[in-house]
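There are two complexes below, and they share chain A, which is joined by chain B in the first and by chain C in the second.
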Partner chain A sequence: MTNTTVKSGDRPGFRQALLGYRADARVLRWLAPLRNHTALVLLIVLLIVGSLSSGVFLTPRNLLNILWAVSILGIVALGQTLLLLTCRFDMSVAAVVGFSGIVTVLAQINGLDLYASIVVGLGAGALVGLCNGLIVLATGANPFLITLGTNLLIYSISLSLTRSKTLYATAPGFNELGRGQLFGFLHYSVVLFILLAVVLQFVLSRTIFGRTIFVVGLNEVAGRLSGLRIQSTKLAAFVLCSTLAALAGIVMTSRINSTVANAGFGMEFDSIIAAVLGGTSLFGGRGGMLRTIVGVVVLGVMNNLLILLNVPIEAQQIAKGAVFLLVVWADSALRRN
Partner chain B sequence: MQRLIGLLEKRSAVILLIGLVIAFSGTDSATFATGSNFQNIARQVSLDAPMVFGQAIVLIAGGIDISVGATMAMSAALAIGLQPYGTFTAVCGALGFGLLLGLANGLLVTRGRIVPFVATLGTMSLVNGLLLTYTSQRSLVGSDDAFAWWGGGQIGPLPVPMLVVLVLLGGLWVFLERTRQGRNLYAIGGSNDAAFLGGVSVEKGLLVAFILSGMLSAVSGILVAARLDSASVQLGGDAPLMSISAALIGGASLLGGKGSIVAAFFGVLALGVLNNGMNLLGVPTYTQIAVRALILIAIVAVDALANGLRRRNLTASRIAE
Partner chain C sequence: MSLKLLGGLAVAAGLALGTAPALAAGLSICVVHNNADHPSITALVAGMNDEGAIYGAKITYFDPALDPVKQVSMIEDCISRKPDVIAVNAVDPAAVVPALKKASEAGIPVLMQNADTTAEGHAYTKSFIGSQSYDQGYAVGQMIVKALDGKGNVVVITGKNGQTDTVNRTAGMQAAFKDAKASMDVLAVQPADWSKDKALTVMQDLLTRFPKIDAVFGQDDPMALGALEAIKAQDRQGEIKVFGVNGNKEACAAIKAGAMYGTALQLSYLVGVYTVRAAYDLTQKRLVPTTILAPTAPVTPENVDTWMAQCW
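So, the complex of A and B:
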């Protein structure tokens, strides 16, 4: 996993706080990757706990189901990660997930074929991202509140498009995208999620655009003075984030072959949790796509375990909030040192 | 231009309020401009107002509180759910919860050094979980008529919750304008560092602001519970947006250090009149949601533009020196 910007092991304050004493250099070298990959450690712990506490947990079928369940959130989280790296958020992804599905289905109802309808759905998402980006960049306003506003706006548009009813997809073969399986066991949505993560990680670490994203999050002024195209990169991050949310919405719609306006309920929050859990910083410039995969899977495994252990669904919300606060606290403690 | 922006910023709530009243009286005077409708508006607005006061105080101190809605809903649930132990206990429980949550928010921000909106986003999620667990997603129904009087009762022409709000308004005005701690909040919001160098305890100020916000949200929750004589998990969903919009319309700024409690009151009044007018005109729900969203986007964008302009002027005057 590429953590490109901050080297681990050079935070003496945190080291002392963590261990309470000046530890032996060898122990620290051994601990450094642990700290740097908290989510991975958490995942392993959860897997061990899960296999001990439930007989069905560690079956391939259950694990594949977890992946299938989280792949949609995962695609949203990838876009969110991209924006988080620039030190920005998109709270409108929740509404975009519903909106893109609705637009896609409406396009099908109005006679467009499968591929054209998907393109229209993705375009609708991109348009929302463009609006978000333009408003934020033109006014310098707080992206959190602006996207909270567009979230509500898009939701109301979705409501008026559907008249608050459920819409059913009509294009033949659309269902295949959400329910179909590669080699008979791996869902297309999982493949899509992993593939996108790998491609985006490559873009982040190997292209000028990707490197500029990190620079925006770390030191915008320095980037501008070195002649990087800061503004267009920020705009592109907004558009990409919304487009990925739209893709997630389309996959979700194809999975159940129908859609409602609040299909993406809670996803804005969950996608941020997943990204931050994976180790992407809320303060920009640190993180990556492969980390987000781990974060998303940890969330999925946690949910799965809580269900298998018969923990009431309400308590899962508490667990999510507590995990979020813990991770954010650790993130800002790390940043200070 | 600058004076216009300045005027718009300071008096936007009053201007908006007057404009809305004139517009709705013009289009639908038979139902809008009646005494009973104004009483309706007053009752409706008074349920939201304490929460908006809290949000305004936090904004003045340079923070933001996303958890107000969740706190309000949880307090409403406690105010109803604890009634078997006596109404007084129930109200104290609700207020206590608001205090605890405000304290938690304040500690996360000051000791945990977490950005306010992230910290309160986290506590919002946590409290939503608590609320779901506490209510098991059912509605709770009250059993005490004396308690319901606080939401539905009337003294003369004034609804009781409005009286509560007016008392709060007076108290908070004195706190913000006439006490040292209140003035300190403006200093902290204006500039953290300057306030610190001036001998102001920034930590204490932020703690006070968040605790007030938590408790005022709890007051909103109690009033809502009294008005509906019930509580459910659906309460408070749009509260963060509404309270931020109202406080910003009332002249507060996301950069902190600005705003007043009276202006925030006019902000929430303006939103209340808008909602009431749209309902009377039969505007569809989704259009109403869209209008609310557009108001938030516009007010946040205007706030950012005004702040940008001020910063540019400041830099220009420094260069001139």
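So, the complex of A and C:
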């Protein structure tokens, strides 16, 4: 009976299912850290499958394309991660992506220059975040439902602002942000995404604000008793999340040179999936920005591979659904642990 | 006797004169879009408002934003408002049927706009008014055959999987290929959910996957233009001809500039106009044809100047 050698805290059931009874304890101990990195394992598996099954998958150009494709969702997911760490959600990011692009383009149409229009667009996002945060703090209602409400509200405002039309960006040079490349191969939006993740990770692990975010997710009462500024931290998380969604909306508008009210539809769920896939918990207090990078990249690689391998669309959706279930299962299994 | 008859006629005439404008002024239409956030709906609404002004119609619009469940409840809201006519642009052809049945049972005639319901649903509707998405797909198929000389590799970027427009535009394109006996290779049919940005990323992957593509069919102009951005980013403009559906201004301009090759122009404004006329006819108890088609116009580099003014 090799399972008598298991350290306390390990879960024999999990490993037995995975590896069977006769697995060597040393191998198990070596594999143990991977349990916390479902996404990384998935990514490695996908990379192996991809390189074996498609001749073009592992080319630098394709890999860079994948990063470019997911960078916008990635920026949204970073903000969502921040809120998830506090055990909260923002469902209004979908509407904010469209709204910020619309505000930016309207500012350009009304004569503001490139930088001013971007600042106005970001400000619009921050304002939505502030409203979200204030309503949640004032009412104590479920943030999921509150932000679903503001999502609809912002979407309707976007529709009225555009009269349901597509708006085209007018500021010269605006396209550089979404289409331009550093050193001729790395898109600025990818650089922005990675840079933001690194900076936010630093903030999370090295500042009082960052540590307070975790405390809010883990044990708010204890945090308050030890004198941490819980309320303002929550508010700041909402504002940051919405501002990042606004930034993503501006980058998207710059990439396709136009914007519509529903430009970000689906991103509210995709950003949560990406963050949770990376290993940020739905229950708060566990996770991080670098994990979200991995989660976002896994989603991108999956989308890319499904197309490269000519998988029929119905099967594509089955694959995505299965991965999502796997992730949720892994998250709650880890939580019980 | 004859005097009495004359008098009766005069009263009738007076009534007719008195009531006809009143009836027209009272014409009320309740419209449930499939998704208001689309330029074709904007053109349709413009058509309805312009024509409605002539008839003094009061028109109310609802937008379920592509949510079939919301659409059903909005149709129910319409029914409780007791308008003369309800016009519906189906999100999902089958899901909308029970709501149409309710409207018909409440005695309110229903007109389908742009996106039709199923054969079952036709029992409860008076007419379908629109350019049929099948015809648009067919028109694009014909343009592709002509542009490629009957032979080549085609990829299709579709709308949301399973939606009426998506299914019909693909089927129409395939039928055009078959009817022309063209040897087209449809390499991939991949959805981008009517999103320009998704079309860009999907096309990027298709460009990686297929070394030689002759034509791409984006099932609406925003997606065609998104695909064009991906093609530009990989410098493959010379190789690939881009086709769309809608005839929006940006696409027509791209065709004129030589960046796009063709689009099937939907005359949505006319769909709006025809809807108001049909609604008026229904209130006058006139017969209305079960299908009223607004024409689809193939716009190509050769004729783009003629159509430019109609592009929306």
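Quick note on the criterion: the second predicted complex is superposed on the first by the 304 of 337 C-alpha atoms of A that agree within 3 Å, B and C clash if a C-alpha of one lies under 4 Å from a C-alpha of the other, contacts with A are read in each partner's own complex, and residues count from 1 in each chain.
Quick note on the criterion: contacts are C-beta pairs under 8 Å (C-beta built on N, C-alpha and C of every residue); 3 or more make two chains touch, one makes a residue touch a chain.
Here the structure is a predicted model, which is why all the values come from computation and not from measurement.
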{"item": "Fit-or-clash call for chain B and chain C when the two complexes are aligned on chain A", "value": "clash"}
{"item": "Partner chain in contact with A:88 - chain B first, chain C second, else both or neither", "value": "neither"}
{"item": "Which of chain B and chain C A:234 touches, first, second, both or neither", "value": "neither"}
{"item": "Partner chain(s) touched by A:286 [first = chain B, second = chain C, both, neither]", "value": "neither"}
{"item": "First (chain B), second (chain C), both or neither touched by A:159", "value": "both"}
{"item": "Contacts of A:303 with chain B and chain C, given as first, second, both or neither", "value": "second"}
{"item": "Partner chain(s) touched by A:139 [first = chain B, second = chain C, both, neither]", "value": "first"}
{"item": "Clashing chain B stretch [against chain C; choices 99-107, 117-125, 225-233 or 243-251]", "value": "225-233"}
{"item": "Overlap of chain C and chain B interfaces on chain A (superposed complexes)", "value": "155, 159, 164, 313-314, 317"}
{"item": "Touching residues on chain B, where the partner in the complex is chain A", "value": "108, 112-115, 117-119, 121-130, 132-133, 136-137, 238, 240-241, 244, 254, 284-287, 289-290, 292-294, 296-297, 300-301, 303-305, 307-308"}
{"item": "Residue ranges of chain C in contact with chain A within the complex", "value": "35-39, 41-42, 63, 65, 161, 188-191, 193, 195-197, 200-202, 204-206, 208-209, 222, 225-226, 229, 233, 248, 250"}
{"item": "Touching residues (chain side chain A, partner chain B) in the complex", "value": "135, 139-142, 144-146, 148-153, 155-157, 159-160, 164, 269, 282, 312-322, 324-325, 328-329, 332-333, 336"}
{"item": "Sites on chain A touched by chain C in the complex", "value": "54, 56, 59, 61-62, 65, 68-69, 72, 155, 159, 162-166, 168, 179, 252, 255-258, 260-263, 265-266, 303-304, 307-308, 310, 313-314, 317"}
